[in-house]
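Each remark here refers to the structure printed beneath this line.
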Amino acid sequence: MREEEIPYKGIEGIPIIREPGSAAKVNRGSWRLVRPVHHSEKCTKCKICYIYCPDAAINWTPDGPEINLTSCKGCMICVEECPTGALTEEKEGA
Amino acid sequence: MQEFKSLKDIPEQDYFTGGSSACAGCGPSLGLKLALKVLGPETIIINSAGCMTLLPLYPNTPLKASWIHNAIENAASTAAGARHGLDNLGNGDMNVVVYAGDGATYDIGFASLSAAAAKNERIIYICYNNQSYGNTGFQWSTATPYGSETKTTPRGKENPTGNTIVNKDMLKIMGAHRVYAATASLAYPVDFLNKLSRAKERDGFSYIELLGACTAGWNYDPRLTIKISKLAVRCGMWPLYEIEHGMLNLNKDFNELKPIDEFLKMQGRYRALPPEGVERLQELIDEHWAELKEYNKQRYV
Amino acid sequence: MYKIRIHGRGGQGAKKAAKMIGLAAFKMGKQVQDFALYGAERRGAPVMSFVRINDDPILERGYVDDPDVVLVLDRTLLDLVNVADGLSENGVLLVNSEHKPDIDTPAEVKNVDATSIALDTIGKPIFNTTMLGALAKFTNIISIDALNWAIEEELSKYPQKLIEANKTAVRKCYEVAK
Amino acid sequence: MKQTLVTGNEAAAWGARLVRAKYIPNFPITPQTECIETLARWSADGELPGTYFDRMESEHSVMSAAVGAAAVGSRVFTATSSQGLLLMHEVLYIAAGMRLPIVMATISRGLSAPVTLWSDHNDFLDQRDSGWLMFHAENNQEVLDMVLQAYRIAEDPRVLLPAMVNMDGYVLSFTDEPIIIPSPGQVEEFLPKYAPAHTIAKNRPVTVGPPVLEEYSIFRAQNHVASRNALNVIEEVQDDFEKIFGRRYHLVDEFMLEDAELVLVTQGSMSTTAKAAILEMRDEGIKVGLLRLRIIRPWPNEAVAGALKDAKAIAVIDRNVAPGKGGIMFPEIIETLYNLDRLPLVSGFVVGLGGNPQTESKVKEITHKLMDDLAAGRPRMEWNDLEEI
C-alpha cells in the first residue's frame, strides 16, 4: 500500500482492547488431552473445583459446577482437588 | 472491610474469563482470577513483562477490568502515575494493582518498586513469584531458591547444585519500607483474599507476594498446582506471614514442618539435587522458620 | 528440495522430531534447515515444526507451506488443524493413529500406531521419535542408520537404555509401517 | 504587551503551568533541573491547583509514570536532558505506540563519555525514530509557545502522539530573555480540556499495551500516518494561535531565502547567531540565507525541499554527530532534495559539540568554505570544532 493510501483509523488504529472478557469466546478446549466429567450424585457443592480453576472454566450454578469446555484446557486441577470423586477424568476423543 | 471465613464465602462473581494463552494449570493465572474477585471491575492491573503479559492477546482479553502493560522494570512507577492520574480526575475509588513476576519485582524493577513503597503510594503490588524468569523459559532470578535447576543455573559436572545463590528475603525488605507486606498461597485462597481485602482498604502501599506455582518451569503435572502450593507452605518453603508497622504476624503456624524432600520430589527442577544440596536447603528453611517463630507478634524489621 | 511439516501439541516433541530428521539428513551429507514456530509452545497447544532437506545450499526460509510430507503426531489434531494444507498429489500425509483417518487431500494418507509401539518398546508414549521409523520407510530421504545416529547424538545426555529403546522403537515402526 | 525576563527552563515550566498539566513526574538532571525546581516551587506555593508534582527515582520511572497517568486520561508534562533522555528511550517508544499525548521539554546536553554538561543535539536526535513529535525551539519565547502548541497538536484526534520540545542546554535553559507570558484565559481558549476517547476511564475498562500478532505492522503504520497528519495540524493551529497570541510559526523557519544562492541549514539556538552573521554577510554582498529546522518529526519534506530548491549550495550545520557516518541531519537534507530536478551542492559541518562556541565568525567561515566548495564543485564533511587544534 502506498503511504498516502493508508487510511487513518482513529481510535481503531490504536493497540488497545475495548471489549472486556472477550477471550471467553476463544477456544482453548483444543489444547485439552483429557477432560473433566462431573457426577452430580457425588457432588457436595463445596466449590473447590470452581475456586481452583485457573481459566475460570467452571461456572458456579445453584446445581453445582458447570464445566465450560471452550475454556477448559484440561489441567485436571478440579479432578485432583475434588474431595468426593465427583469429578473424573476422561480421555479426549476416546 | 470484606472478610472471608471459608471457601463458601468467596464471591461467585468472576472478572476473569478463560481463553488466555497461559499454560494449563497456570498458578499465576489462578492468582489473578482470585484477586479480581475481591478487586472487582473498577481496577487497573499494571503488568510487567512476563508470563502474564500474554493473558491479553489482541483483540481478546480474559480481563473484565482494565490493564496496562508498560515494560518489565517499571510496573510500580507506571502504577504511581495511574494512581495520581485517577485521583486527579476524581476516580480515586478505582484500584491500582500491580501484577508482576519475581524477575520484574526482585531484580530489574526493584528501584521502581522500592520508590513507590517508600512514597507509600496507594497501590496494591502483587508479586506472582514463580521463582524464575518464567516467560523466557525458566531462567535464574534473585527469587530462585537454593538448589533449583534453571536454564541459566543448570546442574553440571562442575556444579551439581544448580542455583547456589540464596534467594532475597523480599518480605523483610518490603517490611522495612514500613508498608503492609504479606505472603500468600494459592492453596489458602481465604487467607489470600483476606489479605487483598485488607490491602484494598489501606490508605497506602501494600505488597503481597503470591507463590505462583509454575507447571512448565517447575516441571510437574499441571493437576498438582494446588497440592504443590500447599506443600510449599507445609514444608516451610513458603510460610504464610505478614509484616505491618514492622511487626510480624505468622498466619499459619505448625508445630512441625514437613521435610522438604516431599516438596522437592514432585518437581523436575529439583531432580538430581545431591543430598548435601537438599540438606543445605533444609537448613535454610529451618533457619527462616525459626526466625519467624522467634519474632512472631514482635518487631521484626 | 524436500520439505517436511510436523504437527503436534506442546509437550509432544514436534521440535525434537524435526531436529532428529535434520540431524539424520545432515549425517547423510545433505544441506538441512530445521525449526519450530516459536511463541505458543504451551502444553497441549497445537504446534508445528519444519524441516527442509536439499543437496545444494537452501535459499528458502520461514514457514513451509508446500510440504512433501506432513507428520501428525496426535490424531486429535485432525479436527482442529488443516494438516493437509499445501499437500499435493505427490505428497504423503502420515498420521499417528491405529486406523487410517479419513482426510480430504490429494496426497497419499498413511497411518502408523506409533503410540502403541512406543508403549511396547520404550514403555512411555514417546511417539515423536518412534514415528520417524515410518518416515524412513515411506520416503527415501533418510535411512534408519542415519536416524540411529541422530538419536544417539540428540539423546546423548540420557541413559544408554533409553537411547537403545528409542532405536528399537524406530526400527519396529519401520518394520510394521505399510 | 508586557514582557517578563525568564530562562528557557522557566519558559518551559510556564508552558506546563498554563496548559494546566495534571501530573508532572520528574527527576533532576543538569541542565534541566531548574525547570522542575520552578514547578516544585509553584506547586509548594499552591500555584498549580489540581496538579500532582511527583518526585520519581529515575527518568525511566518518570516516563513510566507519565505513561500510567496518560493511560488513564491525564494531561502530563515532564522534562529531562541527556543521559536522562536516553534512560527513557525504551519507554518513549511505548508512549508513542500507546498513542499517549504526553509533552516533554528536553534540554539538550551532550552525551557521556566523556562527561559534558554543555549542549549538543545527540540526546534529542537519538529519539528521532521513537514515534514522538519532535520540535526544536530557537529562543525562550518559542519554547513557551511550542509547549502550548505541542499539547494542542499532540491531543488532536488525528494525531494522538507524544511530543518533545527541545531547547539547547545553557544557551537557552540558563539564559534570561524577555518573553511574553500569555494569560491563563488565552491559553484556555487555545487549548481545550483534554478528553481522550482511547484511555481507561471509570466504567470504560480498556487493555492498554497488549501483545499483538500480525497486526503489529498495522499499528506501526497508524503511528506513522498519525505523525504525518500532524503536519497539517501544525499548520492549522497557527491561525488560532495567531488570533489569540499575535504570533505565527511555520513548518520551517526561512530567513533571507528569497534570492539566496547559499543556504545554511541549522537547528536551535545557533540559528540566532547564524542570522546575525548572515545580516553582516549580506552587507558584504554575499547572497546567503538560512533555513532553520524547527519540526524534526514529522519531517516536513515539502517545506524543506521548497525552501531549498533554488539554492546553489547548502551547508548543513549539525550540532551532533553519528560516529562512522557524520552529522545526523546532513543525509536527511540530501534525501529530501534527491528527487528535485536540479540538485544543489550539499556540504556537511559538525559544529559546537558539547557546547563548543557557536560564533558569528564560525558561521562566516562555514559560508566561505561553502563558496569554495561550490567553486570547486566538491562538497565536504567537516568537523568544524577542530580548526584551532
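Read from first to last, the chains carry the letters A, B, C and D; within each, the first residue is number 1.
We take it that a residue touches a chain if its C-beta (ideal position, glycine included) is under 8 Å from a C-beta of that chain, and two chains touch if they have at least 3 such contacts.
Being a predicted model, the structure only gives us computed values, none of them experimental.
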| item | value |
| --- | --- |
| Centre-most chain [mean C-alpha coordinates] | B |
| Which of B-C and A-B has more C-beta pairs touching across its chains | A-B |
| For chain B paired with chain C, centre-to-centre distance based on mean C-alpha positions, whole Å | 40 |
| Between chain D and chain C, distance of the C-alpha-averaged centres to the nearest whole Å | 57 |
| Centroid distance [mean C-alpha coordinates] between chain B and chain A, Å | 23 |
| Chain A and chain D: spacing of chain centres that average the CA atoms, whole Å | 50 |
| Interface hub residues of chain D, defined as touching at least two other chains | 205-210, 212, 215 |
| For chain B, residues contacting two or more additional chains | 21-24, 41, 56-58, 61, 63-65, 67, 215, 222 |
| Multi-chain contact sites of chain C, meaning residues that touch two or more partners | 42-45 |
| In the complex with chain A, residue positions of chain B that touch it | 7-8, 10, 12, 14-27, 29-30, 33-34, 41, 55-65, 67, 186, 189, 215, 221-227 |
| Chain C residues touching chain B - in the complex, by the definition given at the top | 40, 42-45 |
| List of chain A residues in touch with chain C within their complex | 30-33, 73-74, 92-93 |
| In the complex with chain A, residue positions of chain C that touch it | 9-10, 42-46, 75-76, 79-80 |
| Parts of chain B lying in touch with chain D, wherever the complex brings them together | 41-42, 44, 46, 53-54, 56-58, 61, 63-71, 73-74, 76-89, 91, 94, 111-112, 114-115, 119 |
